């Protein structure tokens, strides 16, 4: 499938996460993988690893944009690892690569990504995350993925 | 004065700002300039221009980290313009360069900077800005600058 | 296959290229795809498109690190497009992502990538490219890919 | 002086340098400082430190774009230190900030900067540096600075 045909959806969240957030993230990943979307994330642990596992086990592509210089920091379900060496500036690259964003829980790094996403006009679906004007709080991974895929398709259609 | 001797303080805020925010930003800039601090900002208009004007008129150094490729986007009070060409990823460079941060008003870009600052362990003094856990809401430009300079000196001492 | 298991090889070269360079690039891409390597490139035309086509037609993964903000700049054989928005600074990300580098022809952008690769300790196999100390001039796409894969495996083993 | 009024000239070269290169770099820095130009460099030792010292002792502004996260890596003559945390990708920021470039000696990092400068349409004056098509080999620091300042003024006039 050419790069332009699949929607790219970022799943953002912290490396320290609650069991509920991890279960949500894995479900989001699985649904994205089943839908043929490319999942973009920070490539590390916690929410990132759970989402990666869900997507990879569903046969999806998982791009891990890593803060450091080495691929070995990636969790084991990342299928394409990008060691940016940019530290937290890689948060901005995750958002740039994504047509839509799903936030699950999250700490300050996630907040920076939410803010950059809203500034860049991306939709953000939130599951138990920061309550920021512009974030669309949803009730389930299914609702998050349905809305994110719809937003990604709209964006792709506008650009295409 | 060598680079290591002066504190670097970021003033962050939006290019669209209220009269109150502009007055606050100019006062913050003036107080930083009078204190011999290097003011780091995004180099554009609104809060950034007001802070730059305050600092420059007090004889201070104003670093403008611009999102685009050209210096001519800088406001006229920037004394050192850095055209990063990084778009909004330059927000992260502003935070990296700063020992402490003062936020005045602000939209999503400012929120991303607040989040990156808190993640990186910088103090954030806030004047009528986002109410995020970790931001120290202060009542005046004087209080903001006093706290920011104290935090910057602590940070410099720890690193020195 | 987990990200850590495949070698990542960058193929660098210009968007304006001679027929010989295009044929070499396509052969390099095909051999990398057949070997199960991840091909990393700048995602645009010329040498980048030829290498991408060779790798994609062999069933390989092709990462296109684009200078602009949109995925639609990617050539049609890129399988994972990363719109970095970094302009030519994305050259450095290509090198960071790669275990080894193959240069085919090339202009100044390619020269910057060769220099960054040699500085970072990556091997550079060269086919009709800049004659810089440290570049290993090889006589065929087969020789380039064999040497690049060997270097990539050495690097992965050292880091693993 | 507003940021737009002074020419910005990058002086590039290695941290390990010969006595001749260090003397050349210091003379280049001094002449730039005397001319009121802003000197942009990598902020570290060797050629960078020599150029910084020359410029600072002539009363000039010296911007040091550092690869790491801390200002304390800057040499003592840097007047504005920017800790980019970008590693060698900061080479590209040095070039973006500069209207013209002077290369003194240099290793692979310098070669990457020369290549990025030529790609971006900047003039490069070279003193005992890489012999790359497009580099203007000059015979003295005086000739290098005269040509760089003339090129910087042409560029500023075209953009102004």
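By letter and in written order, the chains are A, B, C and D; residue numbering begins at 1 in each of them.
Operating definition for what follows: contacts are C-beta pairs under 8 Å (C-beta built on N, C-alpha and C of every residue); 3 or more make two chains touch, one makes a residue touch a chain.
Keep in mind that what you see is a predicted model, and the values were worked out from it rather than measured.
K.L.:
Please identify which chain has its centre, taken as the mean of its CA atoms, farthest from the centre of chain C.
P.N.:
B
K.L.:
Which of the two pairs, B-C or B-D, is linked by more C-beta contacts?
P.N.:
By number of C-beta pairs in contact, B-D is the larger.
K.L.:
Just curious, how far off is chain C from chain B if you go by their C-alpha centres, in Å?
P.N.:
Between these chains, centre-to-centre, one finds 40 Å.
K.L.:
Would you kindly tell me how far, in whole Å, the mean C-alpha position of chain D lies from that of chain B?
P.N.:
About 27 Å, centre to centre.
K.L.:
Could you check chain C for residues that touch two or more other chains and list them?
P.N.:
In chain C, the residues touching two or more other chains are 69, 85, 87, 89, 93.
K.L.:
Quick one: which bits of chain D touch chain C in the complex? Just the residue numbers, please.
P.N.:
Checking each residue of chain D against chain C gives 87-89, 91-93, 107-109, 111-112, 114-116, 118-120, 132, 134.
K.L.:
Which chain C residues qualify as touching chain A in the complex?
P.N.:
So the residues of chain C touching chain A come out as 1-4, 8, 38, 61, 63-65, 69-72, 74, 76-85, 93, 96-97, 159-160.
K.L.:
Mind listing the chain A positions that touch chain D in their complex?
P.N.:
The touching residues are 69, 85-87, 89.
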